[in-house]
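Quick notes on the structure that follows.
For reference, chains read A, B, C, D and E in written order, and residue numbers begin at 1 within each chain.
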């Protein structure tokens, strides 16, 4: 028990004071040191800022995104980046947004203070949306690699560009592809979706598209985002015997749909899912069960585009494999593509000044390993089609669009 | 005139156990009722029934004629009924003064501001000779002071009815006298006081009436000397054998003198808690 | 005759407690700070706090913009810790669901501003009132529970409330989140920017600090501390324990809801996963406890210290910061179980570091 | 009718597995009054352990328990003896915070060691199902369910019929008296925690067998353990099993007849309701009730 | 067999025991009596390792056990039947008894089990009953039997008669004598000076943390000064 209780406030105030002051002094001092670099080039290095999720719920995809960014700096620096007549080094500074949108926004501000005006997007729609708002306010420029929710592109932001297709295309691409390639064509489709914004937008897109091609959507069923048990949804649609089951999902729900469908005897002609099938974990986790599952992908190694940094999609595939010992999936590719957009724009503008880069990004019209890149008014890549892949013999092969396909789509997929 | 405190047929059962069974008492202003009985007789439960810690299953509690049966403890306190606990319950994080002030803040009629309550607390502490330890924490007190603190906390409510549950426990004889004198003084001031005690001397020296409880029921009620000499009480307390011995000794000595008055009963451990 | 054996409040038999600490001098920590009267040293302490406040008010001049944002997060968490302190520290009811008020406040703002086109300030008032009302609603049944049961019931309420928000997408946007109209023609209140929000959060922190300071010195605060120490004795002293506990929960809920409101406006787009994240609750508790729960200044110390620490770790240990933070929490819990503030005052009082005392205090 | 039966069967199977996750959590809570927020993280550690053994040695996840159980028992033993025992007597939020820190440490440690990739322990039988009319029962889940029953029974037998089990129960009821019987409470607590950890790890192995996992899902299993432990009554092994089954059924039926997005709401609704209406749980025993502050 | 020399102990800063010395020999029943709050329970706790003494020694069979933990002390042969009995309320009588033999690994546990049941036949009828649901007398039987299950050299019983019907007290005192006759030393603590001293050969009287008198039971019962000291408050 404290003998002199009345003295405590003084002591604790002292402690509080010193803590606060030390903290103020430290943080203030360290972050104000490098604010001079408005061109983005300090010395012979141009530094891009990237807030990615390294911990928290999005950690997995965040780390994949970082790999794509890392590959970009490796390749670009190996080839040598020339800006303003001199050779500069490309660097990316990473911060962990902890999968939290507020932290992502805060990080963008911190980048701004450190002179990082050029921002590579975080993983995920919520974090990207938070980042985009701050980027706009600070006069930074962001190339978004994975924030696909259409909502981001309806807000009139002028400084955020996305190399990727928006969420509404993710699942509808499978509908288009199947309608184009399948015989016999499916007549009924059930859509299963996670209840987060991105997934729901994708599900809505597929629903609209299915209506357009004349299929009957027999069920649209939602489950909690990041669920690993979707059995109830599957039990509900089993009796409806849909010809096609579409999942608007992330990896874990995507795996659960396939796995539990096999368990529960849900046997449509085929399954199609967003996000999950192109991810390496999908086939490795599911093994033979993954056979024949269709997936939408932002990128395939069969893509036809080509650029001077990364070569063709196949070349990209090779360099990624060399660095990481496995094939890239599209999260890495879209990350590299976002980085590429900056590199290309800086080269074109011959400057790393954010406003010049902004103009150059906006005016970009270039081919790449990721396909052709040109942004519209809202910042979306107008050329960017989705690709559809299928798992065949444990490998993902491109089946659509026809121009990029390596194999014919197997249809219907024998399921047991 | 209505009595300060009256219970009618007050009873509670826990499952099959009749912990308190049909107790009716009346305590007038300026009177002291002693409650005695062996372990598990239901003495503390009886207090808890009146002060609202436990709701009775049957019977009535009247405070100055007002029916407060089953009222919450703070309602009872607001009706100026204060109590101490058998196991001291000081507010450990607060100074002795503030421990006492709390009662004045909330229990006293009309309540009071912190400053006012501290004033009241200082008065009470002064009266009880605790001024010197007002700044200490309650865990730093001696046993005697800790017992006094409990009384002080109760007095800060400016009670009309005061329950003292084992306020003498652990005290040395020299320390006991001031405590007894305090009770007499409060009685003179017109408080109705209920004393639960194992120290028979205390019972004999301050009580007007003694209620003897056994197994939740009233064994008998009467003036202290009479009650403490009663065969039934001796037997209830000390068993058949001891009672016989006492009788034999008394017969030998010519049958005079108090019987159990100076005896200390068994400790009342674990009596307050209801089963379950 | 010398002293007797029965120690006040600690009878020889241990029958009143299921897990008595054998031979320990006290069965629990001094849970609440004695409410001091105004003394010179106390005034000095508060003067220091005030000085810091002035420094922080001048922060926009002193610091660069992103630091303002960091600072507003610091203020927000200190506020949240302080709000938790009212119910958890003073009253002794460890709510593990306080984030529910944060989320409720945020969603009130977002829904009113986005759907009903209210401006921020009236919406803030509604949010605060709703925060208090919700605290009452859930407090009436849950505050009858104690210890772990209360903690888990409130946790369940918070998680359940998030699920409700997720399941009414027409109102809340569901998992897709909801966007406060902050810019452009649909904006009902102009967006205050980093500096603005810094002041909002600072103002709220000051309100929270003053509220807790006032509570600590008021009858209400005495009632809460008495309840924390011994609810039976508190009731016997005339305290309407039910009403006081609910009132404390309401104040805590109202302040937390206000923080959530400002946060939602600052973030523009909000999502249920973040606004009802159990991590935010845990941070409140950690900050209050490691700073010193039940003291006025402890949550401020804990909130400021830990938020800066976590920020520092995140910036400098990009991959390992959560790992390190976890380790630091473990060490802090073991070495500073009574909080930094009490540790500091003990150190000053005893003129030595009472680390071993702390280690011995709660171990088996 | 078939959807109902299917949902029921599936709910029971899922509930059985969740019960196995929760039974150790409930044991620790009941005996030591410690709410272990790192419980889910320990389960996932077990999942990685078992997965690693399968990947590198081709060990079947059920067989791998021969290694996983004793090793994880030791891990739990050390955690309790070296860490949690230091704050066992502190106010409850201290143990909550300590175990929360432990959870952060384990989850991020796993993330650093194994990355965030989703893993699954894929065996030859993991794709097969048993079809009974329209109702299908996946073998892997059946195995997991069976193991859950088996381990629960084993735990009950251990607690009921062994000297250490007696010590665990005795210590949970009266620590002081247990000491007077010559029981080394530190050791008994550590054994309790070790047992709980081993059981959690066994559940983790099964999680890997029937589905996928990654470090960040740990928290979800802890939350479900809360619900189940409260439903079943603290420290009550059969209660944990019953609680798991009730939770499994409630969420399966709720998702079938209400909405798939409501499963979590249902779980937490049950939690809050049980706490308010009957804090001792469905099968709560009075002596734990008395012990458990309610 | 057991020597306590100048033992002191307290709670925190409050001293409770002052230089207590006492001896107990094999086969003895020794009574420790004194009024409420005299420090009897604290003394037993200090002897059985539940409360670390601040000074003095406790020696059992020539071995200093002063600083040992209670779980070690019971292994060395001191069984403490605590105040309030402290049975494990949710365990059956049988389990409570086996808990008493927890530290033993010899083969005689079953035999001792039968012996204590012979001593308290009532318990045999209650073997499957949960201890918390028994009457006070039955609980005391169970507690003493549990203490005996540890095969002690010294059995310490705190507040033997608490909450017992007077006629039961006699039964318990007889049993304690029988136990002592088997060569186990018994230290019985009670507030009922008459009962405890009649059962014991020797006795110690405690008052406010001191031993104020000691001697044979007859001496103590006859000594008015002791009676005064014991009555304390009178």
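Going forward, a residue touches a chain if its C-beta (ideal position, glycine included) is under 8 Å from a C-beta of that chain, and two chains touch if they have at least 3 such contacts.
Here the structure is a predicted model, which means the values were calculated and not measured.
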If we define chain centres by averaging CA atoms, which chain lands farthest from chain E? Would you check? A
Just grab the chain with the largest centre-to-centre distance to chain B, centres being mean Cα coordinates. A
Looking only at C-beta pairs that count as contacts, which pair of chains has more of them, A-C or A-D? A-C
Averaging only over C-alpha atoms, locate the centres of chain B and chain D and give their separation in whole Å. 50
How many angstrom between the C-alpha centroids of chain E and chain B? 31
With chain centres taken as the means of their Cα atoms, state the distance from chain A to chain D in Å. 35
Chain B to chain C: how many Å between their CA centres? 41
Residues touching two or more other chains, restricted to chain A: which are they? 1-3, 5, 55, 57, 195, 224
Tell me, which residues of chain C touch at least two other chains? 1, 3-7, 13, 15, 22, 24-26, 28, 30-31, 33-34, 166, 319, 322
Can you list every residue of chain E that touches 2 or more other chains, as numbers and ranges? 12-14, 36-37, 50, 70, 82-84, 208
What residues of chain C sit close enough to touch chain A in their complex? 26, 30, 33-34, 36-37, 39, 41-42, 44-46, 48-49, 51-52, 55-56, 59, 62-67, 69-70, 73-74, 166, 169, 173-177, 179, 184, 193-194, 263, 266-271, 273-274, 277, 292, 295-298, 300-301, 304-305, 308, 311-312, 314-315, 318-319, 321-322, 340-342, 344-346, 348-349
Per the touch rule above, chain B residues touching chain C in the complex are 51-53, 72-74, 77-78, 82-83, 85, 87-95, 98, 101-103, 105-108, 111-114, 117, 137-139, 141-143, 146-147, 149, 153, 156-157, 169-174, 269-270
State the interface residues of chain C toward chain D in the complex, per the touch definition above. 14, 18-22, 24, 28-29, 31, 88, 94, 96, 141-142, 144-149, 151-153, 155-157, 159-160, 163-164, 166-167, 278, 282, 285-286, 289, 293, 319-320, 322-323, 325-330, 333-334, 337, 359, 361-364
Contacting residues of chain D [partner chain E, same complex]: 163, 166-167, 169-170, 173-174, 176-185, 285-288, 290
Enumerate the contact residues on chain A facing chain C in the complex. 1-17, 19-21, 23-24, 26-28, 31-32, 35, 54-55, 57, 94-96, 98, 100-103, 105-106, 109-114, 126, 129-130, 133, 137, 149, 151, 156, 194-201, 224-225
